[in-house]
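Quick one: structure below, then a few questions.
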Amino acid sequence: MNKALQIRSTIHCDLLIIGAGGAGFRCAAEVLEKKPKTRVIALTKGSHPQKSHTSTAQGGLAAVDPRDPADDNIFHMFDTWKGSDCSADQNVVRKICGAAWEQILWLENRGMHFSRDPDGRLSKRTFGGHTLNFGESSAYRAVFEADRTGKGIMDTCWGETLKRGISFINQCLATELLFKENQCLGCIVFRQHEGEFIRILSKATVLSTGGSGQVFKITTNCRQNTGDGLALILQSGLPVMDPEAVQFHPTGIVGPGILASETLRSVGGILRNRKLEPFMEQYAPKMKDLAPRDLVARAMASEIREGRGIVNPDHNVEHVWIDLRHLPDAVHEKQIPEVTGFFKKYLNLNPKEKLCPVHPSNHYHMGGIPTNEFGEVQTSSQEIIPGLFAAGECAAASFHGFNRLGTNSILELITMGKFAGEKALTFLEKFPDQFPEVEGNLSFLRFSNYMEASGKDNIGQIRDALRTLMTENMSIFRNEGGMLKTIESLKELKHRADKTALSSKSLRMNQELVQHWELDNLLTVSMAITQAALNRKESRGAHFREDFPERSDNFNYHSLISMEQFGKVELERREVDMRLFEEKGQHADKFGLIERKY
Amino acid sequence: MNKQQSYNLTLKIRRFDPDSKRSWIQDYHVEAGRILRFVDLFRKINDEQDPNLAWSSSCEHGQCGSCSVKVNGKPLLACELLVENAVQYFKTITFQIEPLNVAPVVRDLVVDISTAYERIDQIKPYIIHPAPPPTENNEYPITPHELERYVNATRCINCFCCSSACISSHKTFLGPNAMLATIIRVMDPREQEKDQRLKILYSENGIYRCHSSRACSFVCPKEIDVAHFIAVAKEGRITEQE
Amino acid sequence: MPAVGFYARTRGWSFVIAWMHRISGIILIFYVLIHIYTLSFLITPEVFDAKMKMFGFFLFIFLEWLLAAPVIFHALNGGRLILYEIFGTRNEGTLLQWMFSLSVVYVLLQALMMIMGNQTVSPILFWLVVFIFSACVLILVASRIWRIEGDLVWKLQRITGAFLLIMIPAHLMFMHLQPAIGHQANVVIARMQNIFIKFVDLILVISVLLHAGYGLISISKDYFKYRFVQNGLSLLIVLIMVVFGWIGIKIIIISYS
């Protein structure tokens, strides 16, 4: 084994946060606030926690204001359940919706700069899928900080934890979870600047590494989102849940993949194909361009697949147009200035005069590390792993089931983050003073393979091939043939990756080395997504099978998939929690297996 | 008239190797479509020419401030700069690309931003002593008018472009962005601990290192008029409650 | 010049102007220190006159004229900075236009005076008017700045700056009304017998040195990180200013009464 690969030092702490995004931060803040002297270490892959993906969330977060006479928690719960296509866990839904407003106040009281109404109270706006009286009319439920709500959460939580003495290790990779007798005791960390490994032994560990959007070629996700958390869990022999549940947003801006808000269509934007036909008329004669997200995304993908897309020469991707030229200037300037700004900034075109290229863009991973409603990570047999918690996009409790409502994700971060923190606190109380010794070996194994490989290839090109493959076969439409082919291709790509030599063997800030490691994670996550999707012979929420276009009650469960070795998968299931229905309380009928129609 | 679709660019990138401590300028020739961003160019170099070139990015749409570099001397976000615009702005197809000079370089274009952040940490980027809301279990009421005074300053993403451009060298000044972070909390009615903040603000390493050169406002990718906020502090209007 | 274009493109015009302000400030410091040194020869008028002879050379006349540029630029831009920072006048564009136009007018006027070289004016009246105006500007700025929290010396620099805004350009203009006014020992000495003129000179020398001293200290604090280096340099600068202040005051008070 490579001599440079060794543990340089061991650090001890009480709480280890792997991934200081919104969820990780909220958890750390909870622990530090309740028990001030706790030693908390937070890891980030980016150059600073503030650069985490949560900082890009724009829209807002849903929470029912108890002072609002029209709105009620039960409506929010219903919208979430319906949005999830009947596959969210109802215990979790009830818990998160119930805690929402309190968490908003927590943020506000600590300095988040929410937008205000003229009375100085928090302003609210409406979002797709959020309704009053079980679907009757739109609910004004999302509080927000202009178009930078996620950044507000990050800045506030960063400040709170900094104030209370958190330690950060930036630009590092958590490469391996450490276990002793099924208990999690920390992780091995690769510090990119120094090019060295350290071992962090912790009493409690929280995985909050965020999404996995980089699996797809066109994504709204940031460059750090390579699904590391999921890969770490799979590498440890633990399962991930519902990996096939991946959300796509219809209007991603071609090239960067940036989110172009739904508002574009609600103010009258029209989608057109290569022949400039307003194609939505054929797919949804009544709602046309205003049909729900998944339907529109599917229509766009069909047009492209049937050869009516346009190839963008700069980014070499196929897309359709959104036509905003006919909208009055006032609409451009008052109602959609930011999105118009994105087209100007990134495509140098003026939406008042030109057609704008859009393409469905990968947006969110509903699936993730299975946890209970307290954020405790579970095994395939649904036993709790002592000392290991997960929260945020990398986790699945599951609040979103197979389809997430806008504004529910950052709500999940701050609520599940807090719950995980509370649970970690009680766990820390019981922890003995002595740390058991644990060694890790998987990291060195993987890294020395990278160092020793000698084939001529390029990590970036393999990654591109992977991302193209996934976008072509695993996004909006899935079918058995495509998936079987994908699995074969993934194996080939893995083989190629394994053989690829590094052009420099330096360990310090060796981006290629890091990308090789990330590529392995991307491959692992892709394989899990594909295998789980292959197994789910139905369509549910964001998971759409052309060969099985209907939802089927036979699949009313969460898939649990383990894969210790690449490609060798084991599938289990976890029942969907339906206690709101089963408890037969008021409105219980709304929480059965209802039809998802808008 | 048809726009030029692609360009043959020369990128002269300042490189640094931490193992040998060697620094040099390397030329890369890249054929690039007109609306590629500079981060795309770096990725292209990684994929096609030199997997070793190190650079930073995260969100890649101007929201996180990870990708700041100097292009022909101007500090900017590499993920917001399109080839076509760069050619137009700098009137050349040759670009010098250097890391920001606000912290030690780790490798090539990557700097140790954590070190730069220590300056922000010093000013305590949080509410030191929050005022309880007038009615319990409620928000602290802030009118849009009150918020308007400082809300623009809250848009800062700590990309450090302003710091890099400022006439005050990077030796002592906490930096324009650190000033913004302080000013926000002086203006925020929820902060009760104003004295500590004013002490930092009106200190040798605070606003007195600013000479109103306004480079901060000029380069800020978020188009925040940073100099305005610092001037408001100099003017003393910052402590006025409206 | 290419550097100016470079910085204008990468940091903006205000940045270029900030550098010009800094450079002009430093030029003025050098000038003032040498100036005070030469003025100290007024004790022996023959030596002073002999030294002043060289200002008869064309090159030196030209240089004296050129001095008007940094003086008026620094003064007007200093005034603009005070407006920007303390009076909330943030519409830079118009101010800059005014500043540059006035500068050009002033420099040309200076040339005109030097060419004609035959203006006469009562020194007392001239300085009375200038002093009153300057005092007004001083009071205006001081009353505004006094309420602000913050560093006393920093405030004093702005206040002295405000005071000098008219004083210095006027001083320069005055000295060019006729070559003799500024260059002939007997004329100068005769004028300086007046107690009011002495008073004006005294205030002038003190405020210039205070302003310049703080300016230098402020620049050094931008560049030297360590406290002891900063403190050492500040001490040195204060010392230089005190020494020159002393020389300057000696010229006014002790020599001729």
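We call the chains A, B and C, going by the order they appear; numbering starts again at 1 in every chain.
Keep this in mind: a residue touches a chain if its C-beta (ideal position, glycine included) is under 8 Å from a C-beta of that chain, and two chains touch if they have at least 3 such contacts.
Note that this is a predicted model, so its numbers are computed, not measured.
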Check: interface with higher C-beta contact count, A-B vs B-C, is A-B
Using mean Cα positions, find the chain sitting nearest the overall protein centre. B
CA centroids of chain A and chain C: separation to the nearest Å works out as 63
Chain A to chain B: how many Å between their CA centres? 27
What is the distance, in whole Å, between the centres of chain B and chain C, each centre taken as the mean of its C-alpha atoms? 37
Note: in the complex, chain B contacts chain C through residues 72-75, 89-90, 165, 167-169, 171-173, 198, 202, 204, 208-209, 211-215, 217-219, 227-228, 231-232, 234-237, 239
Which residues of chain C touch chain B once you look at their complex with the stated criterion? 6-7, 9-12, 14-15, 17-19, 21-22, 81, 84-88, 90, 92, 147-151, 154, 218, 221-225
Residues of chain A touching chain B in the complex: 46-48, 50-53, 55-56, 105, 108-111, 113-122, 146, 148, 151-152, 155-156, 158-160, 162-163, 168, 170-171, 193, 222-224, 255-256, 258, 313-315, 342, 345-348, 458-461, 464, 502-504, 506, 508-512
Listed in rising order, chain B residues that touch chain A in their complex are 5, 17-19, 33-37, 43, 46-48, 50-66, 79-80, 82, 84-85, 106-107, 110, 112-114, 117, 121, 124-128, 130, 132-133, 137-144, 146-147, 151, 154-155, 157-158, 185, 188, 190-191
